[in-house]
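What follows is subunit A paired twice: with subunit B in the first complex and subunit C in the second.
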Partner chain A sequence: MMIQKDTDCDVLVIGAGMAGMVASARASQLGLKTIQAGNSSALVFASGLFDLLGVFPIDSGEILSKPYPAIKKLQSDQPDHPYSKANQKQIEDSFLFLIEFLDSAGLKYHLPGTCNKQILTSVGTFKPTYIVPATFLKGCDLNKVGKNLLIVDFKGLRGFSAKQAASGLGDRKEKTHTLSIDLPENKGGLNPVHLAKSFENQEFIQKLSDKILGFSKKADIVGIPAICGIQNSFEIVKELEEKTGMDIFEIPGMPPSIPGLRLKNAFEKKISDLNTLFLSNAKIVFNAMEDDNFILQAINDNFETRIKAKCVILATGRFLGKGLFAQRNNVVETIFNLPIFQPKTRDQWHQLNFFDPKGHQINQTGLETDDTFRPLDQTGEPAFENLYAAGSILAHNDFARLKSGTGVCCVSAYLAVNNFYKKSHKMRNK
Partner chain B sequence: MNKIIETDVLVIGGGVTGTGIARDLSLRGQKCILIEKSDLNAGASGGNHGLLHSGARYVGSDPKAAVECKNELEILKKNAGHCIEDTGGLFVAVKGDDEKYIADFPGMCKKSGVYCKKIDLVLAREIEPALSNEIIAAYEVNDASINPFKISIENINDAVLRGSQYLSFSKIVGFKITNHSIEYAIVINQNNGKTYQIKARTYVNASGAWAGIIAAMAGITINMVLSKGTLLVTSKRMTKRVINRLRKATDGDILVPGGVVSILGTTSVRVKSPDNIYPTIKEVDQIISQGEQIIPALKTCRYIRAYSGARPLVSEGNIEDDRNVSRGFTLRDHQKDGVDNFITITGGKLSTYRLMAEKASDIVAWKHSIFSKCLTKEIPLPSTKSGEWSEPGVPINKPFKTETGNDPILCECEMVPQSAIDTLIDSIKQAKGKPDLKSIALRSRIGKGPCQGSFCSLRILSHMYDRDVLQDISDINDLKLFLNERWKGEQSLLWDQALVQSSLKEMIHSGLFGLELIKDPI
Partner chain C sequence: MIIKALTIAISLSLIGFLYQFFSFIKTNKTFDKKKWRMKNLSIKSFSLNSILQTKLFKAGKIRWLMHLLVASGFLYLVIFHALDDVTSSYWFQYYQPTVDPFQFLRNLAGIFVLIGCVGFLCRRLFFFKKLKKRKIQFKGLFSILLILSIILSGFLLEAVKIISEPVFMEMVEEYSDIDEGTDLVDLKIYWEKNYNAVFNEPLLITPEKLAIGKELNENFCIDCHSPIKSAFISKSIAKALKKPSIWLNYHRIDNLLYYVHYFLCLLIIVSLPFSRLFHIFLIPVASLEKNLKKEQLDQTLGYINTATLYACTNCGFCSDVCSVFPNFLITKNINTLPHAKIESFKKLMNSAPVESKALYMLQSGNGECTYCHKCTDICPSGIDLQNLWVLLNQKLSLKGYQDNYTFINNLSLEKWAKLAPEKEKTSSTQGKTTQLADNVDSFENCIQCTICTNVCPVVEHDIDGNDYTPQQVLNLLRLGKKHLATGTRMVWNCLTCFSCQESCPQGIKVADIMIELRNNGNLRADALKLENFTKAT
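Moving on to the complex of A and B:
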């Protein structure tokens, strides 16, 4: 039976990816009555690594070791980029907020610093990123240190070959060993989630430690695919270290991503602890404005809720998150039909070379906003007094190329909520 | 001193004609070497509808070709049934189509002896519910769909079994001509850059769109007209039968089912070179706008990829519309041009590849004073293991068997297991080729489903590292080449769900793995 009810809130966050989660967490923390609607399953595509800015300019082809000086340059070159609406202090504060929030849910990351880290990936490349889960930390900048390395894989865990990851270590390959473990449960492939759960079993950890110990004379640091448990991954890795006497780190690979699943679980747990109403998989329809309030409907198979919200944070993502939709000849925004910055015709969307150094123009499309992250209408004015946008839906940020995905989500979501909070409090104090 | 290989016949070009000739001559006891500068079906043989014409399409424009199609269809159905799906076909017209052509159609079919039967419009929509309700005429014909990759793989496999040899990534760089005949061909192995010589009694130029370039190396001029045709692959099969638009041939008027997908085409755009052709957004939009007139769902359905082939047409004077150049084939014995042991076969179409191979082989046999007649009409084309994985939807029709029960699926869109990849790696190694993602993709369905290689590429690559087929970090370049090859076919079709998928592909391969930051090898 369809349940119908009315509810109201200060902030409605639409979207449950990285930006939506940060916005909802920040709004709750500020004491705003918050409702969040969206589908958090896209988080399993997140690598778990928090990028800030890894490459700039986009076609430089070089990895940045220090992101902040490059952000300064980006702010002067591209005043439309989301980072141009924040200063370094605000960027650091937003990451600190995110990390403390996850820490309180039991998921450990290290604190933000001034340098990028380079992380070995399953295909043997090194990815520049800003902050990594604690379980990845000992594997950072491996290409610079001369340690003897062991890389472990599991037969049947498709897409991860220890030999392939080791190929990335190039001329110090002779100092790298590989171990392929054939588990009895491997019958035509291992499900990464099941394998990650096995790590939560004592007996499994003991057997794995014994196998790794066989390399104790040859190796002093061990890389394992990023599947070391779903809950308590930090404790599991620590236990493996104690049992083997070696340093252990996780290596990111293709989706489904267990570090992404950990993020999803941590966010969901905390947000439910905070008493935020979470409308899972609800489709949001905007009806009208009523006395400066948004009137929207949240619809799914089981319920239909009429929501009255003072503020909406639009964190619906791009094409994957369905915040943007590409018709054959133009891109539209799916909830408010806001104007989208985009090329004139489809033949400008993509380059002929997938890896073209300039990237694809379609990735520059999105919402343009004022300095407080309020999306603009056709005339260049904020489309609504209290509508904010955050995350990958923002224009001028090719996050896959710039390695700036999490950074833009985190900074824009955190600041969008702050900006609304400041504005509404000023109003109240008047 | 360069290495010299001797053989009876050197066949140049690994498309359907070249592989067909290699098999035909092998059956007549001749040893052939087939060389291909890239890999099987890299030209028009891989860039077409996969349609086995009943002949009805040509009854108005080219009755001789219509009769050839009709005869070949019967032979191939009998002898290469495992490469063919006997779908049957329809010709349909919609409001506004040329009524005179519609009225003349049955008479023209009758004249060429091509089967066609008028069917009731209600019945037509019942048997093919995707048809527009605007149709005004429908005729049943004998069209079928054929898998051109499988045809080439099976032909070359049979030729190799009979003592011939296939050399991929081997490119002709020149001929040594003495006393009005080719003494040897100079060939470069593109995998290692080494050149060597192949000495044959007769040299057969079956290089399709490249025929003019190869002939020029022997000092002979052939005026090639290259007409690019672009085709779109839908994510689901739209109809049971081949659907043809009942009108004079033009853009976007044939929809051919192949396994679990359908292929819509085509266009005709004059190009200067057969290399580096790709579908443009203009062509894609034109094909869809024409196709949706007979099958309205083509307007909104998801397309998986687009691809192009260059039709090799031989010009005999000034021609304005390439569709009016004969689709019949051209066979030249270059004795007339002063090179005694060299022939060229080009033009034609997939439907008549066997006949083209027969006619070309007849000349070779005559030159070699061999009197055994062509056997490809009688002896069925055998089915081999390495040909199995090229067919769309194979595992759906025929569940694969896993011998050990431990056979992970590496391509989930098309259900290709690890054991199939292993079979292909071994078969590529046997042909002295270099197993990589592109060569595996050519022989299987990997990368051809909705994910367009986003996931299977990584699973197969890591498996190849595990097997030590790949070892070095520079081998990651194979992944870049493969993804770019897929991209050529995706970039014109990226809207709706396809754009969602390609965004995810970028997030993985660029965002996480940073492949764009790897410097290309020089």
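Moving on to the complex of A and C:
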């Protein structure tokens, strides 16, 4: 039985990743009637860290400690890059908006500054990032903190080893200890989500803090894989600190990532509180334009919704998110069939060396837009009056190499919504 | 001769009772160490169900009424009519079968039984289609027809006696001093008019003769003969038999009918322990045992009293309410339905060898049971059916007949994969069916991100109980090992909560694939088991 219904809205956000979430958060906060459509997104793979710009130029191999001067240089070097369509104030505003929005949903991050942080990862490397969750904060810039460290892991938890994480700390003067906790009830292997749930159990916390207390004389600060609860991680870490009397921080690790799950939950909760309709697992089909309105269909196994939208924010992502689809010879955009900036032939997609410092051409693929993030058609003009694109679908943006994933998503989504809002208000005022 | 026949019949019946009793004792079985205890008896349900048939009342009001008519009418006839030499004539000084109220009550009881029996037959007729659909056989037909013919022969006997001239003459000779002559004619006239007797000679009715006849009647007959109107059924039959009466009287059909009636009664005595009528004794036995409640199934004593199995009257009410009746419509395995299962159970309890395919069918039918308790609730015989199904399951698994879950769980995955048909092993079914697991598009997008495993409540509950996690099952498909995946514990433990499917970032129908794999495994386990059992025989 197919349920059919009609609905209309100011903004239809397609995609439920970082960019889609920021866009619908901003739109619903501005009081626009918003509908969001998306699959169960790849947000659960997100590390929870918010990058702005970690490396520049792409082949410099140098880790940036101050992102804003580098962004200035990037803007002048690459006028096509999404950052070139924003100024420093706008970038700061968009991050501030993101942090405040998540804070209102109960997920704490620290306020943005001007410097990048160096954060220890589960594989023992340091990664430059801009903003980290509050539970990660004490683990940043460990080399500057003169404290003895304890890293804890759990036997059977795949993808996290205390010894491996500690291997990156060989240069420190202070000592690093490791502790491997064996949970007898879990012989067959641990899964991060299940382990994170057990952190919400008082008995478990007590047992864990007892084990950590054994190191109270040797260490002052404790790193735990990022699995300290799903719902109220901040309180759980605080409780652990109170019980042990030591500083505790989380270490980001392998997917599925609990900080990513926390992000997803926080966004979903707050966005639905703002009365935004979420159509899950719906395939979006663009039908036609009708008096400057988009007519689209959201098709699911059970329902078929006809949506009339004034504005569409395209945040469908790249290949994993299925916003782009790689055919045998070229890459296409899946909903509006917009022209894609891409290498001319397939053999230019990848370099011969997987770790080529210049990165692969295929990662520059995406939509080219005007200054207000509207995708362009063949002639170089905006394809639709009120179609905006945000996030990783934007071209000239090798976010994995530049360590700028969240930044691009957050800035482009925030500004795209702002641009539409400003334009529609101007129209109304006229 | 009559006494001799009666003695023989009663002895035969007693031997039958003893035979049945000992065969029940012999086949009574205990599977568990738990012992049968006194407190498992329920006097309340025993008395309510044996006397008032309360469970039958719950099951169907009309049927209860019909049953009550037969039971009460027949009981009356047995006690006050058949055994009148030792009961009625002993209790009541003035007793004669032709005296009111006995004459009236006999007719009333007869008509009760008659209505009930016809009701039984009508139920079969009216619900023929419905009963046929459920494959309920009409097993009590012999007993119903026997009772019916006893009652009909009784009515006929009474009617033939009413019209009989020879009987009249015998009575006159024995109980009066009237000789041949006008007095006899007057009495005949009175009897022809008032008692429906039919005489060969033409009689001229005048008021004077009637008055004399009435006087004679009062002198000699009225003490033993109440007015004929109270025998309301026989009187009507007698009226109808007026025409052939001369023939009937000449051939002394009354004597013949008497022997027929008597013989039928002997037949019912002999057949009692072997016919459906045995339920009169077995239902109280079955009702005496306390029925286990739905949530008490684990407290089963593991004890089967075979007598309770035979208390089943095959009425089919249980199959009427059975929750898995739709399953029967699909599998066509009659052993899915309780009324058929109990018949198979009987065969199983008699140690006669049962074909292994029949046992396999019994196991697979019984395996469908959801233990919803509806059959026990409705069973008019008060049999603890649901407990029986639990025990049947135990008994069958002791014999090596297991449900598919246990069967697969007991096989190692290597062996399961080895036993797969050749065409599955080479994954040549790929792309040839509409099944998800046979179409690479449905699972090739899996990126092994473990989200499905992380949200899986089965994995969370007991990580050691599962050999493969959901994402590993999908990987088996990607490796072309569907024949292995169908036997994994994950597939068989899946709750089908759909968490995995809802969370999959690649939109893979994980839960749908799990269900499909389990169905595939189920079919293969069925085939394997069947193959093993046919090999064994």
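Quick note on the criterion: the second predicted complex is superposed on the first by the 426 of 430 C-alpha atoms of A that agree within 3 Å, B and C clash if a C-alpha of one lies under 4 Å from a C-alpha of the other, contacts with A are read in each partner's own complex, and residues count from 1 in each chain.
One rule holds in what follows: a residue touches a chain if its C-beta (ideal position, glycine included) is under 8 Å from a C-beta of that chain, and two chains touch if they have at least 3 such contacts.
Please read these numbers as outputs of a predicted model, since none were measured by experiment.
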Which of subunit B and subunit C A:R318 touches, first, second, both or neither: first
Partner chain in contact with A:N281 - subunit B first, subunit C second, else both or neither: second
Partner chain in contact with A:A400 - subunit B first, subunit C second, else both or neither: first
Which of subunit B and subunit C A:G113 touches, first, second, both or neither: neither
Comparison of subunit B and subunit C by subunit A residues contacted: B
First, second, both or neither for A:P255, with subunit B first and subunit C second: both
Touched partner set for A:P69, first subunit B, second subunit C, both or neither: neither
Partner chain in contact with A:V193 - subunit B first, subunit C second, else both or neither: second
Which of subunit B and subunit C A:V44 touches, first, second, both or neither: second
Intersection of the subunit A residues that touch subunit B with those that touch subunit C: 45, 186-189, 255, 320
Sites on subunit C touched by subunit A in the complex: 447, 449-451, 453-455, 459-460, 463-464, 466, 469, 502-505, 507
Interfacial residue positions of subunit A with respect to subunit B in the complex: 45, 47, 49, 54-55, 61-63, 121-128, 156, 158-161, 163-164, 167-168, 170, 180, 186-189, 252-255, 318-320, 325-329, 346-347, 349-355, 357, 360, 362-363, 399-401, 403, 405
Residue ranges of subunit A in contact with subunit C within the complex: 39-42, 44-45, 186-194, 197, 255-256, 280-281, 320
Of subunit B, residues touching subunit A in the complex: 278, 280-282, 285, 402, 405-410, 455, 458-459, 461-463, 465-466, 468, 470-473, 475-476, 479-480, 483-484, 487-488, 491, 494-496, 499-500, 503-504, 506-508, 510-519
